[in-house]
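Next up: some structures, all given as structure tokens.
Shared chain: chain A. Partners: chain B in the first complex, chain C in the second.
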Partner chain A sequence: MRQISALFRKELIESWRNFKSMAFLIVFIIIGVLSPFTALIMPDILSMVMEDSGIKADIPESTALDSYTQFFSNMNQMGLAIFVIIFGSILTHEFSRNTLVNLVTKGLKRTNVIVVKSLFLVFLWTLGYVISALVTYVYTLYYWDESANHLVLSFAMTWMYGLFVISLIMLASTFFTTSFIAVLSSVLALVIVMLMASIHPDIAEYLPQYLIGSNIGLLAGEIESGDVLWSSVITGAATLVFFMLAILRFKKVPMN
Partner chain B sequence: MDILRIKGLKKAFGEKAVIENLNLEVKANEIFGFIGSNGAGKTTTMKMVLGLLAADEGDIYVCGEKVRFGDTLTNRHVGYLPDVPEFYTYMNAVEYLKLCADITQVEKSSQGERIDELLKLVGLDGEKTKIRNYSRGMKQRLGIAQALIHRPKLLICDEPTSALDPKGRMEILKILKEITKETTVIFSTHILSDVERICDRVGILYGGSIVKAFDLNQDALGEKGIAIELDRAAYETLKPLLDIQHAEGTTYVVANHSLKEIYDTLHDHEIYPSKIIKEQKSLEDVFLEVTS
Partner chain C sequence: MNMDIQEYLPFLIPLFLLQLVLMVTALIMIIRQQRFRYFNRIIWIVIVIILNIIGPILYFVLERR
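Moving on to the complex of A and B:
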């Protein structure tokens, strides 16, 4: 336990002193603020553009659903990508700089390395995501004062997908010791799963991507909460399996 | 009990065998010089001892416990100083040593005292700057401190002086000599003068195995021969009579003859050398002998 707490403290100090966690939190707060704001001003922007083009159309007023649509659109693409870019090298940079050797040769359990790095990423992702989601929620409530169906579940789906991405990165980092290749292989794996969903649409609702593709459908009442059950179970199971595989694989990684 | 015991160790990278049937025992409280040319397999052996690399065959025991690749249990007995130690450079020395103390489960109550003691030993006491601003010598000294934080029974130093200037080298050698009261040191290097300066025993790694292991004293190194200072004419006379192996200036080294035989030969031919010295082999002589 002392090894875990010491290593976790080290991760906190590292991400604070190299400004990574600060940059990440600022970006996520900006996403939280910008999403409802963009939804709010979008009708005005559209009507101005149309007026300039000489097109006459009635632009409907924005709703709370537009605000959440903006949020999920930003978070599921940009937010996750920024998170992966900033923290995707959390394990591989220790390989490239050989900094783990001093600690492992002191009896630091390799399992603890993966556990702590995974916990740290989960902690940061949760912190950043919850702050961002709360900011969007509060602003949406302030501007529109409307409720939405299954809002907590909808938020939880993207959060869960984030955990899946973290587990994938950890696993890839134990196979590829350079950050770029580890991140690239994780992205490739995600793309392959997306392709699988396009080739066989009947399996799409069982895949992790279904979670981040269904936030708005769930809020709009187009699908029911039970419809995301299987993708949630499969994503959760895949996340756990990837974490376990990362631990097992890391025990057998030579350190030069 | 041997602090380190290696039996029948083998390791190959692809087709290339690096370590072949390596056997070694290191006893408590000695400084063992593990010498070999560049690429002889010293670092590979050390990394297998530390469980960082998998051995193809053979067993390694540290303090009687078997080393298993990927398992770090035996490393609680070991401290490791790599040739170029890498640190979290955004920390200062105290923060880094505190991290190491926590990893090695050093009691919280004694951490401060141990860190102060080590920083004093390596001459970094009062150093508040971040490690990123350290010179190479300072990093090496911090490397020793981190390796000793948990009072290991065995300290493995992998070419710790090879990247340092003469002053830095002397400082590291002095520290290593000081710590042998409570720690056994394996000093892997190809700088033979450093080994001669501090080691008690030496093992020469060549062709993947230890080809010679011996106590580092004059008797063990053996006699090189008898050096005689002669003029050219005397040399020509003696050449067919004695086994003169090589010459440096007017000094000729005679091997495979006793001192009495040489004296008798000189006397018989009325040759009076200006100097006769019994020459001992240096570590370099022995190293070249067994590796050529």
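Moving on to the complex of A and C:
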């Protein structure tokens, strides 16, 4: 327990000193503010473009759903990508600088290293995501004051997908030890494979990718909450398995 | 153009401030940093100022390890 809290503090201080955690939080707040803003000005921009090109059409006023649509499209693409780019090197840079060797030979349990790194990422992801979601939620409530179906579940799905990505980062890091680029591309590769697999409608519902693809459908009421049950269960199971594999693999990783 | 800037201030002010914090922090760090892994000081300053959000993020990821 003492090892865990000490290591956790080390991670906090490190990411504070190199400003990564603050930069990450700021970007997520920007996403939170930008999404309702984009939804709000979209009708104005569209009408201006249409006026210029001489098309006449009635553009409907934006709704709360538009605001959430913007949020999820920003978060699921840009937000997750920025998270992986900033924190994907959390384990690999320890390997490339050989900073773990001293600690491990002095009796630091290897399991603790990976547990703390994962906990730290989960902590930051949760913090950033909750703040970002709250900012969007408050703005949307203030400007539109409409309710949406399954709001909490819809937000939770992207959060869960984030956990899945974190476990993936950990597993890839233990395999590719020193190469951050390899970690980055393996995460990217799996996402692309899942995207390709989800073309097939029978498999699509069971993939983690389904979670971040159906936020809007759930809010709009096109999808029932029962429909995402299987992909949530599978994502949760995959996350746990990946964490287990990462811990097992990390015990065998040579350090020199 | 019937855009009303006043109406959008609750969005624009936080967006502007957040970007400013990112940029200023990155600039201060660049000025205080002695050795650079990629490029040099001038190029980093230009990158951070020209590319909003992405510039400072790139700097933090590439130079601050």
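Methods note: the second predicted complex is superposed on the first by the 242 of 256 C-alpha atoms of A that agree within 3 Å, B and C clash if a C-alpha of one lies under 4 Å from a C-alpha of the other, contacts with A are read in each partner's own complex, and residues count from 1 in each chain.
FYI, a residue touches a chain if its C-beta (ideal position, glycine included) is under 8 Å from a C-beta of that chain, and two chains touch if they have at least 3 such contacts.
Computed from a prediction, not measured in an experiment: that's the story for all the values here.
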Touching partner for A:Trp230 - first (chain B), second (chain C), both, neither: neither
First (chain B), second (chain C), both or neither touched by A:Arg110: first
First (chain B), second (chain C), both or neither touched by A:Ser89: second
Which superposed partner A:Arg2 touches (first chain B, second chain C, both, neither): first
Chain B versus chain C as contact partner of A:Lys20, first or second or both or neither: second
Partner chain in contact with A:Ile29 - chain B first, chain C second, else both or neither: second
Most chain A residues touched (candidates chain B, chain C): B
Footprint overlap on chain A, comparing chain B with chain C: 18, 97
Residue numbers on chain C that touch chain A, as the complex places them: 1-3, 8, 10-11, 14-15, 18-19, 21-22, 25-26, 29, 53, 56-57, 60-61, 64-65
Chain C-touching residues of chain A, taken from the complex the two chains share: 18-20, 22-23, 26-27, 29-30, 33-34, 36-37, 40-41, 44, 48, 82, 85-86, 89, 93, 97, 139
Chain A residues touching chain B - in the complex, by the definition given at the top: 2-3, 5-7, 9-10, 13-14, 17-18, 97-99, 101-110, 251-256
Interfacial residue positions of chain B with respect to chain A in the complex: 47, 50, 52-54, 69-73, 75-76, 78-80, 82, 85-88, 90-91, 95, 99-100, 102-105, 143, 146, 149-150
